[in-house]
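Labels A, B, C, D, E and F are assigned to the chains in the order they are written; within every chain, residues are numbered from 1.
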Amino acid sequence: MAGRISLAHGEGGELTHQLIQEVFIQSFGHGEQARLDAAVIPCFSGKMAVTTDSYVVDPLFFPGGNIGKLAVTGTVNDLAVTGAVPKVLTAGFMIEEGFPVSDLKKIVKSMAAEAETAGVSIIAGDTKVVERGSVDGIFINTTGIGAIGEKDLNPAAVKKGDAVIITGTIGDHGIAILSARQQLGLLTDIKSDCASLNTLLNQLIQQTEGIRVMRDLTRGGLATGLVELCEDFSISIELNETSIPVHEEVEGACEILGFDPLYLANEGKAVIIVDSKEADKVLQLLHSHEFGKNATLIGLVASISEKAGKLKLKTPVNTTRRLTRLSGMLLPRIC
Amino acid sequence: MAGRISLAHGEGGELTHQLIQEVFIQSFGHGEQARLDAAVIPCFSGKMAVTTDSYVVDPLFFPGGNIGKLAVTGTVNDLAVTGAVPKVLTAGFMIEEGFPVSDLKKIVKSMAAEAETAGVSIIAGDTKVVERGSVDGIFINTTGIGAIGEKDLNPAAVKKGDAVIITGTIGDHGIAILSARQQLGLLTDIKSDCASLNTLLNQLIQQTEGIRVMRDLTRGGLATGLVELCEDFSISIELNETSIPVHEEVEGACEILGFDPLYLANEGKAVIIVDSKEADKVLQLLHSHEFGKNATLIGLVASISEKAGKLKLKTPVNTTRRLTRLSGMLLPRIC
Amino acid sequence: MCVGVPAKVIKIEGEKALVDVMGAKMTIGILFVPEVTLNNYVLIHAGQAMVIIEEEYANASIKEWRELLDARDKDFFTS
Amino acid sequence: MCVGVPAKVIKIEGEKALVDVMGAKMTIGILFVPEVTLNNYVLIHAGQAMVIIEEEYANASIKEWRELLDARDKDFFTS
Amino acid sequence: MLETKIFSHPELTRRLADAVANSAETFIKREGRMPSVMEVCGSHTMAFAKSGIKTRLRDYVRLIAGPGCPVCVTDQKAIDAMICLSKKNNVILCTFGDMMRVPGSDSSLLQAKTNGSDIRIIYSPSDSIQIAKDHPDKEVIFLGIGFETTIPALVAAVREAEKKDLTNFSIWMTTKLVAPVLRALLQSGEVKLDGFLLPGHVSIVTGKQSYRFLNDKYQIPGVITGFEPVQLLSGLLKLLNQLHEGRTGIINDYTYVVKEAGNFTAQHYMDTYLTRADEEWRGIGEIRGSGLVLKEKYARFDAKKKFNVLPAEPRKTKCRCGDIIRGVITPEECILFNKACTPSKPVGPCMVSSEGTCAAHYHFMREE
Amino acid sequence: MLETKIFSHPELTRRLADAVANSAETFIKREGRMPSVMEVCGSHTMAFAKSGIKTRLRDYVRLIAGPGCPVCVTDQKAIDAMICLSKKNNVILCTFGDMMRVPGSDSSLLQAKTNGSDIRIIYSPSDSIQIAKDHPDKEVIFLGIGFETTIPALVAAVREAEKKDLTNFSIWMTTKLVAPVLRALLQSGEVKLDGFLLPGHVSIVTGKQSYRFLNDKYQIPGVITGFEPVQLLSGLLKLLNQLHEGRTGIINDYTYVVKEAGNFTAQHYMDTYLTRADEEWRGIGEIRGSGLVLKEKYARFDAKKKFNVLPAEPRKTKCRCGDIIRGVITPEECILFNKACTPSKPVGPCMVSSEGTCAAHYHFMREE
């Protein structure tokens, strides 16, 4: 194969065929499915969960992962927090003319490896190649389908006093990306937390009672994720600022740049709302797993209301302040 | 809402929320589903078909449609030709900073309208906004899931003498896009054929017997689509050059630019391989439908083999020549 | 592309003309056919009209072939 | 950002230095603290070191607060 | 390692907050009103809000956000000028991230970027020098805002441009000085302030001596302090003690970085490159000698001289930030409050920053 | 409307093909071999293949693809030079689409574009004039290939650049002329050709008279014909008739566009702007006076003079296209065939075009 992706790879002809055969089918092993316009799989029973996300990260390769791994973990996690067992993924690639084939292969291999780790199959794909300058390197869309079993989440049962648990430190992905970008001059050893949480979360659902709802944290960080959750399910949450786990180096980076870790991106963390009686058991299960070893109880459900709920942060002086969504972009500040 | 999409619309914060609420949820009506990380729907019974495609068309608006309509029809058609009844779609938007909100609304409305026409629901979405220059306007990925019923296609039954039918004229989309691009100076009144064929094709499956396999034609045109089909199912097809329906104006444009209509893109055409005994009935059903009124018998299955099949074209002098995939890009030529 | 399909001149503006080929239109240069007039047919190559088709000759040729085709029984080019 | 977290100087090169804040590192300017030496702590603002922290004073302040915190029973600032 | 974590220790913070509340109660009993304290610095304002201390002391100390947020007090005209310049094809505009959403007369830099301007957010002014080197075919303009803390970093960038002989870098200076604005506030009429929390980082540059006039001329006490919760509260406590004791001196409670005479080197560089100028303050108006601009000698780096932009005078508004900052009125008394002036379309600096006094009132009003 | 559809009428085509086969059989019976006919023009080659006539007549007429595909005969050096120029940051290279995948010494324009060069595919050379106007800061270079059909369009572009006083447009002329290459082929030794199908569109420009030397000097007959199936077959039929009758004249079977003296206006413009030069032909070598380049007077539009590029001499190869074209050998007799030379890495022009004689043999070999 050529060293770089050319427009001819995207025109649906000979080179497209070759690219699909040599790069995608070889890694994803979906040759049988690729013969058809759509992959055909048996239906699950009960309910299914469906989610889609596009991945546009810069840089494409960063400590702890790359866009390909991210494209699997992100979508797997969206399924997992919905209570589903992720089953299949589709992958849509939008590639810039001139993109190195070796990079594409690395990315695709990471996807295949992460899919294997997460126990999902990539059953359908699509590749578009666009003119130089029409896309920045590569974008990937993944869409995931999962099966929801007998034992499901139960958002309706959420009640005052329920525990809010985070599966680990926040902001690692955001700072890893920022330092990898080498734009602001920041240097850290932080790795992106990018990971598929489905095994961990599916296990929680199976082995505990009283999990109300879960959410994976991505863009917008813990604060934005929880604000959405509060609004979506009309609950108010009070976080305890001092309990929120933040890696020291992430804290240092935030100090330098004027960022708030509450708004930094994560790619392998989820918040879990669970009956307070089960909180210890949930924490214990989390702690026994690599991706949950820093899990912490960070707050409580403060109230249930008819209207949109609010997110509040309890400060060290025992007052609360309201947290809102990230308003605008996360920018380095001087004041 | 602001007049243009800014980076802040893509950071997962307040403006993202607003954009999703005011543009997507309003058009797609999936507010209930959007509360969750993944949409949850009941499983179908039997088998399901899953397909994904990204849409990167330039220009975004063209005679006969726009990227939004295309993103629905393309994925719906991939499901339909697999014999599935398209049920749900996901939509992933990648938008360039500065993109006009009014254009986005137009595109999203077209998607919603076409989804309604095709009888599918858009149940999950995602929006990314990237720096100016990191994407050309807007890219859309759609992933579709369809249900395969009792009455299915039967590729295994394909046999020598089976009829090859095309649902209408070829190359309309390719020429419509090319003239809309206003780059080569070509002016035509050709409209893109972009259409959801699911109603038509599902009806064929229900009302006739002996449909072996179908394929929608997109990039690479009739030739590339049929070459793929021949290879995928180890059949050889002989097309009758003079039978292939081409709009006069498309032919004229090809003459001017040195294009071969066999390789021009289509977005609302499918080829159908059917038992020759049923060919007339299929044609009759097609002719009674708007999207099939120019349907034509264009060839026959010439042989079945173990190895990859070949596509051949019967010329007016009764010889045949082999057709291969589009090799490289479709370019205007001087010789 | 060296094709023989005639393009009909439907508009002339200075050294440019709009031509029609089976409904598809294109603006081309007419620098090399200064005597061209509306409704003339031209052959185009790389965006330039290269020649004005002599319609009598063309029609004569067309007629000849048409007749040959219609006279199915007659031997082909026995001469 | 006007924060008070000290940055430790771990490398000096001309008018630039590499500093460490809880493990995170950054190259900053030291134009305004020409007397800076390795292992000094500085406060940074907009990419420049603005001052070298006087460690005795800082430690004295830290010690004072630490003692106050540890002497839980004593009344706070009764003076 | 400097164990500075103690400065944000939760229990210590709580106990100190109690102590401040106690001390303020004594004041309230004595005076029949809460003590009014202005934190001059925008970062102090942010720290009070984020740490929860502001809420904790709500009924004990009236904390007034002063004019010390450089972003908030930047005149609309500067932003209008930047937007105008950024529309030129060959201009790359560099700015601190904070400035992106500050509204000018009818747009913001973020909107300009959305509409196609090449605007880059940098962390350090020196980053813009690198951008100028990387794009010799472009004019790189830096929007130079800031108080005395930031001004040296601007000078450092100009000096780099000078050393590298750059001809495509310039800076649009619109800097602000603390002493002149405090003087103007105090000068302009009845001030309802009992004391100042003075900006720790500005003081690093200017030194404790720069506040002498507060005591000498206006007999208002002040405490220079840092930004961590314990430091904020310690400063308040010391200020209240002064009030109790009737003293009006300037206390330096940030001794490990603030010296009597400040940072000589930084002052030297500022003197070398800059000269005093009258500056326009958003919502306050022009204050004589309240800013620093490039000396004539460095005109080649002065964007105002290099480019001809004359943004229209922004409409005169009825903004009363000046009065709010002096403690004379509350936001609700401004007729624009929550009408023409909201956080998404702020008129004065008190509404620009999310923690400005007007913005804080606005949010408080709609919450709980 | 001109009813030109008759020229591709299926039944007429079939019956004419039968007639040609019959006529050729007579030849075969008489001579004990198939008649060898060279279609000089690349478009004729394509038309024979696409229409199926080539296959239909496989056992009756040996059709040899001549050197008339301007893309195929373009020297590697021209492509190498273009790639080299296109790597410059300020260059936009314009080309006909056909040239994109033609390999130079080690790369193609498509690869150069993939690697970052700004290469635009245009339909008409005049399009590159518009690009030059739209990008005054860029150097727009047009890769000017072509035979007499295309050369006038190149001249038209230069004339436009002249009229618009463009200083950023130039053309890299590497044009080819039909008569000199035919002369060289015939001159170089034993030619195994019975006659020529002469290029209809070149003839529009040059006129029937330009082939007089075929008859006068080499006594080989030729027929000028068009590109539709009926025209191709009619041309063959008339050529065979000449062979039967032992005549060696040039027949104009495309009278409605080809005249005795060609297009005077086009010739005039070519004479004004261009002058004869020696040209290098891929796989054939240099042929004296076989191309046209810009006159010294128009040196400012001459990319070869404006830019200093000296691509290395491509390795001398053992390509035998010259012999293949003359009918002396078949592709299988070339030692590079299907070894160093394949369609994806062609050495000579006969392998570049998918319908070149070598490429056709290559594909035939692996099919059926």
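Everything that follows uses one rule, which is that contacts are C-beta pairs under 8 Å (C-beta built on N, C-alpha and C of every residue); 3 or more make two chains touch, one makes a residue touch a chain.
Chain identities (UniProt): A, B = Hydrogenase expression/formation protein HypE; C, D = Hydrogenase expression/formation protein HypC; E, F = Hydrogenase expression/formation protein HypD.
Owing to the predicted nature of the structure, the values given are computational and were not obtained by experimental measurement.
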Each chain counted as touching subunit C and subunit D at once: none
Shortest walk length in steps over touching chains, subunit B through to subunit F: 1
Interface ranked first by C-beta contact pairs: A-B
Interface sides of subunit A and subunit B: same vs different residues, half threshold: same
Farthest-lying chain, centroid of Cα atoms versus that of subunit D: C
Per Cα centroids, the chain farthest from subunit A: C
Length of the line joining the C-alpha centres of subunit B and subunit C, rounded to whole Å: 36
Where subunit A and subunit B are represented by their mean Cα positions, the distance between them in whole Å: 31
Chain centre separation (subunit A, subunit C; CA means) in Å: 63
Centroid distance [mean C-alpha coordinates] between subunit E and subunit C, Å: 77
Residues of subunit E engaged with two or more neighbouring chains: 11, 41-43, 96, 110, 123-124, 127, 146, 150
Subunit D, residues touching no fewer than two other chains: 1-3, 5, 45-47
Multi-partner residues of subunit A (at least 2 other chains): 7-8, 185, 257-258, 328-329, 332-335
Contact pairs between chains, per stated definition: A-B, A-D, A-E, A-F, B-C, B-E, B-F, C-F, D-E
Subunit F residues touching subunit A - in the complex, by the definition given at the top: 110-111, 113-116
Interface residues, subunit F side, partner subunit C - complex: 1-4, 6-7, 9, 11-12, 15-16, 18-19, 23, 41-44, 96, 123-127, 146, 149-150, 152-153, 156, 159, 199-201, 204-205, 226-228, 230-231, 237, 255-257, 263, 265-266, 269
Residue ranges of subunit B in contact with subunit E within the complex: 2, 4-8, 97-98, 132
In the complex with subunit B, residue positions of subunit A that touch it: 7-8, 10-17, 35-56, 58, 77-79, 81-82, 84, 88, 90-94, 123-126, 128, 130-131, 133-136, 139, 141, 143-148, 215-216, 218-221, 224, 228, 232-233, 263, 324-330
Subunit F contact footprint on subunit B (complex, rising order): 184-185, 242, 257-258, 314-322, 328-329, 331-335
